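In the two assemblies presented below, chain A is common to both, partnered first by chain B and then by chain C.
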Partner chain A sequence: MTAFLQKRAFASLISLMGLVVLVFFLSRLTGDPTTLYLPVDASLESREQFRELHGLNDPILVQFGRYVGDLVQFDFGMSIRRSAPAIDVVLQAFVWTLQLALITMTLVTVAAIVIGSIAAFHIGGVFDRIATFFSLIGASAPDFWIAIISIVIFSVGLGWLPTSGTGTVWHWILPIAVLFIRPFGLILQVVRGSMVSTLSSAYVKTARAKGLRNKPIIFVHALRNAMLPVITVIGDQAAALLNGAVVVETIFGFPGVGKLMIDSILQRDFTVVLAAIMVTAVAIFVMNILIDILYAVLDPRIRY
Partner chain B sequence: MNLKACLKGTALAMVVALPAMAQDNAVTVVLSEELDLVDPCMSSRSNIGRVVLQNIAETITEMVPGQGLQPRLATEWEDMGGGTWRFHLRDGVTFHDGSAFDAEDVAHSIARTTGDKIVCEIGAKYFGGMELTTNVVDANTIDITADPAQPILPLLMSTMTVVPAETAVDSFVSTPVGTGPYTFDEYNVGQNIKLSANPNYWGDQPAVQSANYVFRSDSAVRAAMVQTGEADIAPNIALQDATNDAMDYSYPNSETVYLRVDHNIAPLNDVRVRKALNLAVDREAFVGTILANGTLLATGMTPPSTIGYNTDLTHYAYDPEQAKALLAEAKADGVDVDQEITLIGRTGNFGNVLETMEALTAMFQDAGFNMKLEMYEVAEWENFYSKPFAEDRGPQMVQAQHDNANGDPVFSMYFKYACDGLQSGVCDEKIDSMIADATASVGAEREAKWKDLFAYIHEENVTDVFLFHMVGFSRVGERLDFEPTIKTNSELQLAQISFK
Partner chain C sequence: MTDTKTLPPQNIPAQTHPAKQILMMLWRDKLAFCAAIFILIVIFCALFGAPLLEDVATKQNLRGRNAAPFDFSKDWVFWLGGDALGRPLLARIVVASQNTLMVATGAVVVSLAIGTTLGLIAGYTTRMGSQIIMRLADVIMSFPSLLLAVIVLYMLVPSVGNLIIVLAITRIPVYLRTSRAEVLEIRERMFVQAARVMGASTNRIVFKHILPVVFPTLVTIATLDFAFVMLAESSLSFLGIGIQPPEITWGLMVAQGKAYLTTAWWLSFWPGLAIILTTLSLNLLSNWMRVALDPVQRWRLEIGKKSNG
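This part shows the complex of A and B:
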């Protein structure tokens, strides 16, 4: 296992380095940030002064060399827009995204597994049809529409919940509910499909023949074997959330990393873009390693 | 603890934690973006200004709509000649950190704002191309000299925010200190900024005792927050969200939309072609359809609230037939009117900008122009709008929106129309001379000279295609006694807000 982890970590590091090179040069292709930071009436001298202050006058290879030199000392540079260390700006935002992703994925996983398993056990029944109907709607409905409609109904119409923000427990309900819908629909369908296949296997029939009750058959014997494809999809969905739920963060005013990344791209705040990509990439690498470990835990045939 | 007790406790905690609705003397303002900086020298940016300008940091003078230039930290000023103005400063003023305000603070603030250690937006926007030097006469008197001389230096000082002399010159501050009626209490990044009333303020104590600024980029959410009472003011909401007659206000937002014409390249160097462009646009068709009701048709670069605005001018009436006739006349004289002209628009510049640009393109094409529309995001668009222009460009018109809430055309005309103006598409000696004359004049003479310049640009030189003076929308909670004005586009003075 240790050798496997070392190998994965090394491969991740190579990928990360490739990502840094790619993003550094691609982001520079988007243009000179000077025009965005200074008023349109700013003089040529002011523009030149701005470029000089932020090292934008140097050849791109010099800028890259300086960036890499700083990076190996864990200096991610300063945010042009915020005049603060880029890594601090990113980590502040990433904490919000991490909380949002963790809570949402925990709820999604539990709900999708329970409901998907029951639906698979009663395949073709009323419960299965209702679960399938709503999960397909959930998996295909656009986030921004659900978010705005939920504010109109629950905040403006009924007055039950705040429209947006982060102050209290109540503020988390709508964003989590909106984020919940799409992965829930998707994962429920995967759980259902995988369970349908597992429940028709010989060992489940044997368990039934031996007189075991439904609950242990579904949740003890069948579920563990049906979980491998489910975990893969959960990993994909969690990675998407870790990259930032841009729409939800924007509408509900959540100061997460997705919105930060989009804003920073639009504002040509290159150091923040790079720091955000590296932080999320590291988080996703870590999560993928955890998923690999989980495979081995669930299926003893898998050994690294 | 059993489950029931635990649930009860949780429910109670959640009720207690319900979002606090606005308190009696506190207001919540919802802004469209989080502030990246809170330094007073950056407060010419709209949302920074709405928090900092005249709330935390005050200016030396103040331009008040309808009243003209008023004292703020300076009580009076006089022209000493040779480009020098003497400012007499208010006595008994203290900064939020307890230090006394004096002329050294003004000198330091000017040096910091116009210096080269940091790029302050106020310095870059209002003081480019001039050198300011200061001479402290005594604690309450300072001479400020501009080179070249600026007859409107007192007006320019309405943009200059004052910070203590101890403020670092090489970095932006994260906790602004000023002399204003509110102190900067805390900034929870990503969440809110809190201000509270300054008990030691030199002026009257304001009715609003504290303010909480929150940030939501979606206009519908900002409007909903005021609707539900979570916020009191949303200074900037979209036209489609301004649906509540009791809460929504429209106001001239000091922005003028126009098409900057490049006079350097045929066929746009022909005045008949430029006149035909103006006649080809049905301006009235936009108002109340894809642009808000209340949008004014423009005849000049600055809004009606600026001095010298020429009310005698009327916009070019929509007359595509006359436009075609002018093009035919120019063609008969050898002007290549069939050449493709590129109309360059800026994405996201204002609500429905794409629809506006598409409609304009169709109108030009209907009048016989070979017009092509290209939309660019701001950084690319800026390459077309500001000098140096590309050498190999073809004939171009650039759509732009220009803001002048300062009450004087000098903030606009040099940049937009002088031969050396950064965004000028024209080089006309007469315009240069008229700008210089108007800039050097004062009082009624100044007003008359600006008026003449507006007339020359619109009627004789037909320099650009002026389109609209825009309106903005704010939603204000019903418990407040506050009506947005043209200044709401760049500042939001909490001290001017009271409760019903």
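This part shows the complex of A and C:
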């Protein structure tokens, strides 16, 4: 197990390095880096000063070495707009996004497993139609559109929920509901498909033959075996949730890492963008490793 | 086809033209048929509507600011209402369809071509090259596509061309992995080995024998992916880092209408509806294609003809 985890961590590290190299060369080779780091209206002198200060006149490999050295110490430099270290700004926002993602994914997982299992048990029934409907909506409707339409209906029209910001529990409902739809539809389909094939296997028939009730058959016997493909998709969707988080956080004024990233891009605050990308990448790699561990816990046949 | 020999002769249907056969199958699935019609309308709008309505769509009329929809006494282009500068929404949606479809088509075609080629190489050769290709795909796949697009668009100027490149990069691994997985299985089949024994070159085997078998799967995925890319482009444009004004796309129109949500909901509603209907149609069409292009499941759509499926 530890040997496997080391191997996985090493593979993740290589992917991360790939990202670092990509970002570095993109930022250095597509024109003048001072245009990325400094505001658009920066004077020539301040640009020259910035070059001197940060060694942008050195050979590119020297710059790369220094850049990697800083990254290892999690030193991304100061945020230009916020006069705080970029990494602090990002970590603060990241906690919000992490909460949002965790709550959403927990709800999605529970709902998708319960409804998907029941749908698989009664193919063509009410739950099955819910499954089809949500997966179609999730795959077809743009999340930003659902978000603003739900603001119009629930915040402006009915006045039930606040339009944006944070503070009370009510502020969380709309962002979570909008984020919920896409992964729910997708995971639901996978749960359903996986359950349909598991329910037709021999040991489920045995369980039924010896007179077990439906509930223990579905949720005790079949579910554990049907879970493996589901977990893979949950992992993918948790990473993809960040796509939705960027949009949803921007619309609902939620102080997470997605909104921070878009704000920083519009304000041209490159250090924060860079730090946000790296922190997100590390989080995704950690999650991928956790999913591998979960695999081994669920299925004792899998031994790394 | 071989088992039709055992059937009594009256059960053999007359050979119909393949195109007609496909049309018949499309007609059997009413939802997919409507979807196909809608997609054709959208394509027609993108090709011919944009140049025809360009002038009408950009003509400002400040007296008609945020004109309400369903006012049929006005010109037909105003039936869906007017935007904040009094420009007709219907005409703008038609004009915007050009950019929206162009970005999505470009991204899908580029990623399909590059992904499939790399996938065929990675699947048919077992050298270092395929290892490197797969690791590269892993790196791209392991990162949320929108974030990747965000950082690249930050450093490059957001334009139609760059948007296509960015979206294509994020979608290449999908085709790469699919075509590689299919090739790994197909290359062991008899007809490939026969071709090899007869001395066919690698190029000929890959492009003449393997590619046609893989292609239907790839087309089905591409249809689905078209919807995905459209949504991604809309999100980017909505966030302000995709297509820039005065160019318009549906996503950008939703963003521009956002400021008037409480007073004029139609500004954001109609372009959003256009996005949904298009992606929904693509999803339905992709579902139909999955069945229609699969010889094992095809009978489900042919069932009206004979009932011994």
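Keep in mind that, in the parts below, the second predicted complex is superposed on the first by the 246 of 304 C-alpha atoms of A that agree within 3 Å, B and C clash if a C-alpha of one lies under 4 Å from a C-alpha of the other, contacts with A are read in each partner's own complex, and residues count from 1 in each chain.
Basically, a residue touches a chain if its C-beta (ideal position, glycine included) is under 8 Å from a C-beta of that chain, and two chains touch if they have at least 3 such contacts.
Since we're looking at a predicted model, the values are computed, not measured.
By the touch criterion defined above, A:18 lies against chain C but remains apart from chain B after alignment on the C-alpha atoms of chain A. In the superposed model, A:164 makes contact with chain B only, not with chain C. When both complexes are overlaid on chain A, the residue A:68 reaches neither chain B nor chain C. Of the two partner chains, chain B is the only one touched by A:255; chain C is not.
By the touch criterion defined above, A:96 lies against chain B but remains apart from chain C after alignment on the C-alpha atoms of chain A.
Contact with neither chain B nor chain C is seen for A:290 once the two complexes are overlaid on the shared chain. Contacts of A:44 after superposition: chain B is touched, whereas chain C is not reached. Of the two partner chains placed around the shared chain by superposition, chain B and chain C are both touched by A:151. Once both structures are placed on chain A, chain A residues 30, 36, 148, 151-152, 156, 250, 266 are touched by chain B and, in the other complex, by chain C. Looking at the complex, you find that chain A touches chain B at residues 30-33, 35-46, 49-50, 53, 79, 81-84, 89, 92-93, 96, 148, 151-152, 155-156, 159, 162-171, 250-253, 255, 259, 266, 268. If you check the complex, the residues on chain A that touch chain C are 11-12, 14-15, 18-19, 23, 26-27, 30, 36, 136, 139-145, 148-149, 151-152, 156, 239-240, 242-243, 246-247, 250, 261-262, 265-266, 270, 273, 277, 280-281, 284-285, 288. By the touch criterion stated above, chain B contacts chain A in their complex at residues 13-14, 17-20, 34, 36-37, 44, 116, 118-119, 121, 123-125, 128-129, 171-172, 174, 189-191, 214-218, 220-221, 224-225, 227-228, 230, 377-380, 382-383, 385-387, 400, 415, 422-423. Of all residues in chain C, those touching chain A in their complex are 135-136, 138-139, 142-147, 150-152, 154-156, 224, 227-228, 231, 234-235, 238-241, 251, 254-255, 258, 261-262, 265, 268-269, 272, 275-276, 279-280, 283.
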